[in-house]
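In the two complexes that follow, chain A is the common piece, with chain B as its partner first and chain C second.
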Partner chain A sequence: MSFISYLINGISLGSVYAIIALGYTMVYGIAKMLNFAHGDIIMVGCYTVFTIVSTLSLPTWLGIIVSIVLCTILGITIEAVAYRPLRQATSSLAVLITAIGVSYLLQNVALLIFGANTKSFTSVVNIKALKLGADGGLTVTGETLVTIAACLIIMVVLTTFVNKTKAGQAMLAVSEDKGAAQLMGINVNATISLTFAIGSALAAVAGMLLCSAYPALTPYTGSMPGIKAFVAAVFGGIGSIPGAFIGGIILGIIEILSKAYISSQLSDAIVFLVLIIVLVVKPTGILGRKIQEKV
Partner chain B sequence: MKDFINKNKDNLITYGIVIIAYIVLELLMSLGLISSLMTGLLVPLCAYIILAVSLNITVGILGELSLGHAGFMCVGAFTSAFFSKCTVNVITVEWIRFTIAILIGFLCAGVIGFLIGMPVLRLKGDYLAIVTLAFGEIIKNVMNVLYIGRDSKGFHFSTKDAVALGLEESGEIIVNGAQGITGTPKSSNFTVGVVLILITLFIVLNLIKSRDGRAVMAIRDNVIAAESVGINITKYKLLAFSISAALAGVAGVLYSHNLSSLMATPKNFGYNMSIMILVFVVLGGIGNIRGSIISAVILTLLPELLRGLSNLRMLIYAIVLIAMMLFSWSPKAKDFRDKTVATLLFWKKDNTVKGGSDNGSN
Partner chain C sequence: MKKLTKTLAVALSAAMFLTSLTGCAGAAKGGDTWKIGGIGPTTGGAAVYGIAVQNGADLAIKEINEAGGIAGNKIEYNFQDDELDSEKSVNAYNALKDWGMNILVGSVTSGCCVAVAAESVNDNMFQLTPSGSAVDCITNKNVFQVCFTDPNQGIGAASYIGSNNVASKVAVIYDSSDVYSSGIYQKFAQEADNQPFEIVSAEAFTADSKTDFSVQLQKAADAGAELVFLPIYYTEASLILTQAASAGYNFKFFGCDGLDGILGVENFDTSLAEGVMLLTPFAADAADEKTQNFVKAYEAAYGDTPNQFAADAYDAVYIIKAAIEKSGVAPSASVSEIGDALEKAMTEITVDGLTGESMNWSEDGAVNKAPKAMEIKNGNYSLIQ
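The block that comes next holds the complex of A and B.
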């Protein structure tokens, strides 16, 4: 019974990683950059909800909406101010370092406003825990249910959006070839902004779900889940939406199971080890496409 | 002699800068013009310079992104501190013990770099970056659960806790899990740091000029072309990566022998540290060794100089970082700079407009 409950916890954590990884993978696919600030947008989203719900005592739904809107605007702004000027830069490292700078900036602004103390986040989910099994030995919390449901819904909506709408097709085109997309009359800047907007909105959602399950909130809350989500995206094959989903879920399950059965201190090491093995065996990730280099 | 100077002019300037900076700092310290806070920062600064220069081999010369450099530093730091602590009563001459410790840190980090490099250097770009990041984190996590003790029967290992070692009463715990190694002899000082910087520079600058270095750079510029002229890709990639790792190990030795208690925390050996070193390299100019040194110095001292602003200092650091990257890499800023230079030097306008545009590219 305990194995099943660990498994469910793993899927729940994995769903959070999957939501973050979806944002990561879309941004990477289109802008070809590691957005290190993605994890910190999660943190901004959490603090927004915290301020509105806990400090100002306003209703939760308002907090959720404001948080998503704020993160979306933040994502678009960051892209326009910090990343767009470097899109034509000769070195891809330049934009990576800028992303690191943005990450530091967000962390330190949060540190200035909210201080370094850990804040206790009130769960945004108000659903009773589900008791399963004959003796009620298996409890599934409301947070877990909502997280898994949210992940599935986001996954389906996003796949439909990318494959069925014009804006989604534009995203695919821009990620394939910016120059050709521009010649076809696609507004590349607007498409990239849209991608950042979606990615950041997803980060806000993921942040709320993560902090509802693990309620300790500090300015550095987002950075480790951000890295793990990137690992998940790479794991599943970066640029691939189903890949990010599968990668996230597998990563979450491995993390929780290794915490439960092997060692809680080594769980991160085990997650990373699995990533390395996958990449060494299949260098493009589980669902990634191999691109043949031409001479 | 003259020929030698002409050939190595650029390298000699780099050595010269380091030596002059050392002499000036020593003079200022003997006059008591440097605060104790700054003096305490000098050895870590030397370690950061070595790290930046060594990472520049991977990033600048080999052209691969590594985000796990702090992991190699961690290996060097722990193996050498372990050695020094074990032999502190056996080898009493400090400089011999420390020299051996440096060699051990160098070799262990180099071997780990070689072992890690073998499977992962097949990957490219961001995939390699994330795998090196993963390795760095694994090394840090393993160090946090490792317990090593010693008694009359020899060494005992455990990954659980100190009690599980089953030591005799006279035994001592050397590596105590998350508490790390305490009581490492304090052998590092500024002079040793500068000597190690010079040795690192000597290795790196000669590597760049050598046949091997040119082979590595050929791989960076075009793998397929390099392969087709008979360069052994795997061999040279591994060579550059291992040397880079080994030198990071030396920085770790320097770092660990400056601390009385060595712990593997996310702050000193986590990916944040690796990223910080990468920032030094990129800001100093990728592939530019002298630039790495200068940016390591500036970026280490900047937060300290801003200490008066307390809470704002890291915020300013972040803004400066973004602004510097935008200013030095954005094509528009480059155009603006070239135009400004052209206006200032209007009498040489024709030459400057053409010549100024290759500024900053690698």
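The block that comes next holds the complex of A and C.
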């Protein structure tokens, strides 16, 4: 019974990692850059919901919508202001360093506006915990259910979008060959902006789910899940959408199970050890090669 | 270009002249003021502690200055933020030395205090930490504590749970990456062998994995624990309380002074903390006159109810005053001379403070006083009689 419970918790944590990892992987697939500010967009999304729902006492649905819209605009703006001018830079390090800079900028702006004190996030999920099993020994919280459901829906919608729509096809084309795509009449800048918009909107959703399950909100809330999600994206094969999904879920399960059965303090060490093994055996990650389309 | 060089030269020499002037002024004035420095996190995850210490010491210094200072010498006060970062804490220490500090109140947290103590011993700077509770904080002879050492908190908690029959099966969740938390846990586990209760599960987390506690809580439940001992800080504790509630666990929680501040987490559902017990040396609702006067003055000055860190810092300043009066050392003495004199005086004085009656110190720097147990009732800390 407790194994099933650990597994469900692992899938739930992994689903959050997977949603964040989608943002990393899409941006990498298309713009060939690591957007280290991605984790901090999560934090901005959480503070937006917190301000609207808890401070201004407005309805939760409004908080969710405003948060997604704001993060989308933020993502597009960051791309246009900080990354686009550097796209032709000779070294790809320049844009990487800029991304780290944007990450610190967002953290410190949040520190300035909201202060350093921990804020307790009010859950956006309003579903009671499910008691399963004969003796009610298995508890599944509402946040867990919503997180797993949200992850599956996002996964399906995103795959359909990329494969069936014109904009999605444009993304595939840009990820394969930017120059050729431009020659074929695809607006590369607009496509990259769209990628950042989708990635950032997903970050807002991931942030809400993360903070609903783990409600301590600080300016640094997004950084550690961001790094773990980046690992998940590499794990699954960076650039691949199903890879991010699988990488996230596996990472979550390994983390929880190693905490439960091996050592609660070594769980991170074990996660990274598995990552190293996977990369040694298969340097492109689990799904890095099988999938032709890189987005 | 030539003109620019000339202007620059004039500006530079003017600046040098001004610097030399201020240097003189400082030297002449140094004879009659104590310069007390403070270091602690006034921003970052532990800001509640740093701000409380900053204000508590400030209040005591203002009171002493209004009453004429220490033997006629006024106190100047300078508090620096370290953001809970050891490196920044050492930087703050160096900045305070440049400012001319004679005596240090700090650092507020254990990790930072250890780092600063490693520097301050070279200067033999007298250092009194209000709340750095790790044993490593006081390994150097120049450092003394106002609060309990971690082992004492661990032993105190175990013997309190045992002698009051709070629970028979106890689980522990601690932060293995933090000296404060793991220090308390080790002594708690040792002392538990002598107590009528049993530790059924002991699970750790680290600074990098402090969001998900579902595994630790479930292991505690599977082992049949009635009480979960949390020798950790309040940010993680608030997460544990929330996750325990949403998963439907019904534990009693017991913590140390790190839990003090949990009711101050913005938007935290304080009903979750109802019934949480903690060992802490100070309660704002204690009825004695000394505590009531302090709480009133603190609330008037800073608009906030003081926690034990504010009380520790307030006591720290009065302890320094008592030690200075005992030793008779003057502020004009060198940092090292002041250090020698105060280190000797500390073992000879007995101070009645907010955080304990007749506090006294052994040569190793640890304080001797009795802990108090509190319970959170109706969203307030209240003393268990």
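Operating definition for what follows: the second predicted complex is superposed on the first by the 289 of 295 C-alpha atoms of A that agree within 3 Å, B and C clash if a C-alpha of one lies under 4 Å from a C-alpha of the other, contacts with A are read in each partner's own complex, and residues count from 1 in each chain.
Please note the rule applied: a contact is a pair of C-beta atoms (placed from the backbone, for glycine too) under 8 Å apart; a residue touches a chain by one contact, two chains touch by 3 or more.
Since we're looking at a predicted model, the values are computed, not measured.
Visitor: Considering only touches as defined above, state whether A:184 meets chain B (first), chain C (second), both or neither.
Guide: neither
Visitor: Looking at A:280 after the superposition, I want to know if it touches chain B, chain C, both of them or none. Which is it: first, second, both, neither?
Guide: first
Visitor: A:119 contacts which: chain B (first), chain C (second), both, neither?
Guide: It touches chain C, and chain B stays clear.
Visitor: Could you look at A:256 and tell me whether it touches chain B, chain C, both or neither (first, second, both, neither)?
Guide: Only chain C; A:256 stays clear of chain B.
Visitor: Just to be sure I read the superposition right, which of the two partners does A:105 touch: chain B = first, chain C = second, or both, or neither?
Guide: After superposition on chain A, A:105 lies in contact with chain B alone.
Visitor: With both complexes overlaid on chain A, does A:139 touch chain B (first), chain C (second), both or neither?
Guide: second
Visitor: Considering only the touch criterion stated at the top, classify A:34 as touching first (chain B), second (chain C), both, or neither.
Guide: A:34 sits against chain B, while chain C stays out of touch.
Visitor: Output check: A:130 vs chain B and chain C. Expected answer is one of first, second, both, neither. What do you get?
Guide: neither
Visitor: Classify the contacts of A:54 with the two partner chains as first (chain B alone), second (chain C alone), both, or neither.
Guide: In the superposition, A:54 touches chain C alone.
Visitor: Show which residues of chain A both chain B and chain C reach, each in its own complex.
Guide: 111, 263, 265, 268
Visitor: Okay, in this complex, where on chain B does chain A touch?
Guide: Checking each residue of chain B against chain A gives 59, 65, 119-120, 122-123, 125-127, 129-131, 133-135, 137-138, 141-142, 144-145, 159, 178, 224-225, 271, 275, 278-279, 282-283, 286, 311-312, 314-315, 317-319, 321-322, 325-326, 328-333, 361-362.
Visitor: Chain C touches which residues of chain A in the complex?
Guide: Interface residues on the chain A side: 2, 5-6, 9, 13, 50, 54, 111, 115-123, 129, 131, 139, 141-143, 210, 213-216, 218, 220, 224-225, 255-256, 259-260, 263-265, 267-268.
Visitor: Note which residues of chain C are touching chain A in the complex, please.
Guide: 43-45, 47-48, 83, 176-177, 203-206, 208-209, 211-212, 214-216, 218-219, 222, 235-236, 238-239, 242-243, 246-248, 264-269
Visitor: Considering only the defined contacts, which chain A positions touch chain B in the complex?
Guide: 28, 34, 36, 82, 85-86, 88-98, 100-102, 104-105, 107-109, 111-112, 227, 230-231, 234, 238, 263, 265-266, 268-269, 272-273, 275-276, 279-280, 283-284, 293, 295
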